[in-house]
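You will see subunit A twice below: alongside subunit B first, and alongside subunit C after that.
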Partner chain A sequence: MSFEAAYSGLGRLDRLSYRDTMIHRLDPRAKVVATMLFAVAVVSFPRYEILSLLPFFLFPVLIGAAGDIPAGFIARKVVAVSPFAIFVGMLNPLFDSAVVAIAPGVSVSAGWVSFASILVKFALTISAALLLVATTSFPGICRGLRRLGLPALFVSQLLFLYRYLFVLLEEAMRVVRAREMRSFGKRGAGARVFVRVVGTLFLRTVERAERIYGAMLARGFRGEVPSMRQETLRTSDVVFVAAAGGFFALCRFVPVPQTIGRLIRGLAG
Partner chain B sequence: MSHHLLEFKDVRFRYPDGTEALKGVTFLITHGESVGIVGANGAGKSTLLLHMNGHLLPTSGAVTVGEVPLGMDTRPEIRRKVGVVFQNPDDQLFMPTVFDDVAFGPLNLGLPPDRVRERVHEALRQVGALALADKPPHHLSGGEKSAVAIATVIAMKPDILVMDEPAASLDPKSRRSVIGILNSFHHSKIVASHDLDLILDVCARCLVIRDGAIVADGPAEEILSDATLLAENNLELPLTLQGRPAKQ
Partner chain C sequence: MHMADALLSPAVGGAFWAGTVGAIGYASKKLKERLDDRRIPLMGVLGAFIFASQMINFTIPGTGSSGHLGGGMILAVLLGPHAAFLVMASVLAVQALFFADGGLLALGCNIWNLGIYPCFVAWPLIYRPLAGDGRSPRRILVASLASGVVGLQLGALSVVLQTSLSGVAALPFGAFLLIMQPIHLAIGIVEGFVTAGVIHYVRAARPEILDGTASSPPPGAGVSLRNLSIGFLALAIVAGGALSWLASVRPDGLEWSIGKVTGKGGLPEREHEVPLALKSLQKRTAFLPGYGFKPPANEAKPKEEAPSWPNIDAGASISGLIGGFLVLVVTFGIGWAIRAFRGRSAP
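After this line comes the complex of A and B, so read on.
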């Protein structure tokens, strides 16, 4: 993916968060807590578990649908970062070669099962995190985290990350364009130039940080970024967290697919 | 009203690398004055502005705002009196939304929330940017960013407004509206710019700085029509004072 495409994808994620749907209107804290509970529930499954994880897909699907977030867009983002999960799990099939039967007559090494489990957990948690960002404004998430007790210093770091991500990316894009314009074929596109480009960007960032800090001091900054927005939890927020938490607990402690299977077999028999 | 005075007395400043950027600057700006500061690149304009709110402290000499001498301990007080709008609005606007950004200064001044809200609305209305309140700065156009950057400072109700290139890289219409905003501010204002027409429109008085020293100080119209003086400082007559030469 080219630099400019990646940049516009990020901008799109940001713009999605300005929509106004039932999900967007929930208190940021409610969504942050639900997403955290979701991640903990998913990650807490044992390493060979796949089947019991599947019901969890209902959460991102429902959030995505109710929040009017295009599923293809989220799916492409998940695929784009999947190399991380693939690298984490790709040696499992080699090292963990015990043979397990996954269906009557089909058996594979246990490593493949744990690899698949990692990928499923990855897809679940990343899509949930992306949906959190796509349905909640980033400053909203930061306010939520602050009110959930995250130290002010971390919250201001996150706010600046968000504010200057776009500025920095645009700067990087200008430098990359300027390089492309004057490099022909392979010349000028090598690692040495790349290192210098990164160095230039770093220096510019340091200078900019100094100027921003000056502007903050000029307006009375004393260590904490003030906010005057007071969000209060409404019934809908509480219901949302309770319903999500209950659903995660059910899926975590009751093997839902197996139970459904047994029920169906029971009805048929 | 003496609290709107700004006085520089033989101010010298040397950067840590040894460059002497100000070599004895002396001037007095009184209440309600509008003063342009012009000079070549590297003449010391930015260094001068950074002294006005204590971002830099003089190596020797004295800066006084109102009755308060500038020093380490008086900086917070000075910053309440002198509002500085920096050149690049992206450096000036660091909060996630326009509203939060304009509220940043007043909140740091310790105002109660409803007063802050009033100040923000007033400041945004004054620069004609009330409709942008909920937008994030990275979705604004250049002209909008400049207007909001000015609002962030006037929301603190400074006695003296200081601006570094307020209209650089703006399209003519946005530039014109920035000039309108500046003219609607009736406290003391100090504008550093290469845009001499802007200075002519906004300022009654003009200082010329060269090599870290003031080389001319007088009525803007007089100074900005002195072609020799301007040429000596890498400047040229404002376009409105130039007859357009016929094309060959």
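After this line comes the complex of A and C, so read on.
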């Protein structure tokens, strides 16, 4: 992904997270817990399971729709990060050649089934993670993690990283562009120039950090980044987590699509 | 390479999350004792720096392909192991959240693979002894190369182990290893060179930055090994016990190798109440026990070593397909309807 493309994608996700919808107003802890439960439930399915995974799509779909997150944006990002999973899973058909019939008259090697299962699990977990950020905002997640028990030092550090990420990305972009303009093509892209570029960036970073520290000291910084937002758990948060957890448990242990299918066929006579 | 959720099992993911959270807590505690507040913005900004510099590519001489910085080693040299680990953990967390790089369950594994090995293994055991007082550029280069290579080899090995233990990808352990290790050897060498270059640059420009860490005590000093071991053991038991009953019935790589070694099918079963109850619950609820559809109740279920794929009852599979299709239609229909409704009622 090119520098500019990655940077603008980051900005968009960040902007989406500051909207105000029903989902955005939920407590960050509730959303983090629900998303982790989702990931565990999805990943706990056996290798060849596909059908029972399908109802799980309801979670990202609902969150995305209620949170007003553009579906195409999420879908494109899922596709963009899929290479590793595809690369590893693609070899499943090669190594697992037991033949299985998935429908009357249609049979494939079991490796394709497990590959498809990996892809479905991937789409589910990645979209849930993206939607978590898109509906919660990074500082919100950090606050939630702090209240869930992560050390204050680590959370402060996360917040600083986030705060200065955009600043540093812009600075890096300037440096990269300068390098490009002086390179006449590939000549400047070697390791020696890179080392100098990164070294310069690092020194500027350290100096910037010292200025930041001085400025924060002058404003009363004492080690932890305080937040004015009073976040208490409300009934809606508890209901959300309970409903989500209940739904995941139901779909994990009851074969929903098969049951629905049988009902339909039963009704159809 | 970052691990992905889809390739993990809950047990492996949970175990590594437990380990990572423990390590974060440990590093935070160690840092708090010796840290002055000045370091906090520095760590945050350095995290952003690593992030940004990972986006700058450089061409690898001789191959024409491009690479980018990992950063664990540079951070360890510049900040010391505990701070470096926290910074790497935060960079990976941001990557997982904003770039969906891997997923949330795999984040524990990724922080472990890309943070623990460079900061707590390669830096103290390889870089520090080799680099000495850090004044000779040649020694720094050697130290960077060695620690870069080892750190990345361990990380790659870790990924292979996690994938194989999870049993989701069919790639055999050996084949995966043969693919991952050589690639990461090359990456490690490049990273070693680049690390040495940056350290050299910083030493030339502002040597006092580097001198701060040369005198720091090695990680692990001052923490009772017994407490640490008990803590990790407890976390591992909780993670393994609570999550492994969700694990697949099929023998995974670990059981397979245990079976080969001991000649038995798996670990010897302990006759305790709770595992038995959980096992019967699992038998009742497992939809695809042994990856075949449930045989009729009156048929004695044979004890099989390799799960077989019986001829699938055509009726069951049609129901499944119908139901699956319907579920998808309803699910995305709900999503579409909500958006349409929201669109109409929005000002």
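Things worth noting here:
As a convention for this text, the second predicted complex is superposed on the first by the 223 of 269 C-alpha atoms of A that agree within 3 Å, B and C clash if a C-alpha of one lies under 4 Å from a C-alpha of the other, contacts with A are read in each partner's own complex, and residues count from 1 in each chain.
Heads up, the rule we're going with is that a contact is a pair of C-beta atoms (placed from the backbone, for glycine too) under 8 Å apart; a residue touches a chain by one contact, two chains touch by 3 or more.
Remember, predicted model here, so these are calculated numbers, not experimental data.
Contacts of A:Pro139 after superposition: subunit B is touched, whereas subunit C is not reached. A count of residues in subunit A touched by subunit B and by subunit C gives the higher number to C.
In the superposition on chain A, contact is made by A:Gly220 with subunit B only, not with subunit C. When the two complexes are overlaid on their common chain A, residue A:Val195 makes contact with subunit C while staying clear of subunit B. By the document's definition of touching, neither partner reaches A:Ala243: not subunit B, not subunit C.
Across the two superposed structures, the residue set of subunit A contacted by subunit B and also by subunit C is 14, 138, 159-160, 162-164, 167, 208, 212, 216-217, 221-222. Residue ranges of subunit A in contact with subunit C, taken from their complex: 3, 6-7, 9-10, 13-14, 35-36, 39-40, 42-44, 46-52, 54-55, 57-58, 61-62, 64-66, 68, 71, 77-78, 81, 84-85, 88-89, 91-92, 94-96, 98-104, 110-111, 114, 117-119, 121-122, 125-126, 128-130, 132-133, 138, 141, 150-154, 156-165, 167-169, 171-172, 175-176, 186, 189-199, 201-203, 205-206, 208-210, 212-213, 216-217, 221-223, 253, 255-262, 264-265.
Residue ranges of subunit B in contact with subunit A, taken from their complex: 50, 53, 55, 76, 79-80, 83-84, 86, 88, 90-92, 94-97, 100, 103-105, 107-109, 113, 116-117, 136-138, 152-153, 156. Contact residues on subunit A toward subunit B in their complex (touch as defined above): 14, 137-139, 142, 159-160, 162-164, 166-167, 208, 211-212, 214-222, 225-228.
Considering their complex, residues 1-2, 4-10, 13-14, 21, 24-25, 27-29, 31-32, 35, 37-38, 40-49, 51-53, 55-61, 66, 69, 78, 86-87, 89-91, 93-94, 96-101, 103-105, 163, 167-172, 175-176, 190, 193-194, 197-198, 201-202, 205-206, 209, 243, 246-250, 285-288, 291, 309, 311-312, 314, 316-324, 326-328, 331-332, 334-336, 338-339, 342 of subunit C touch subunit A.
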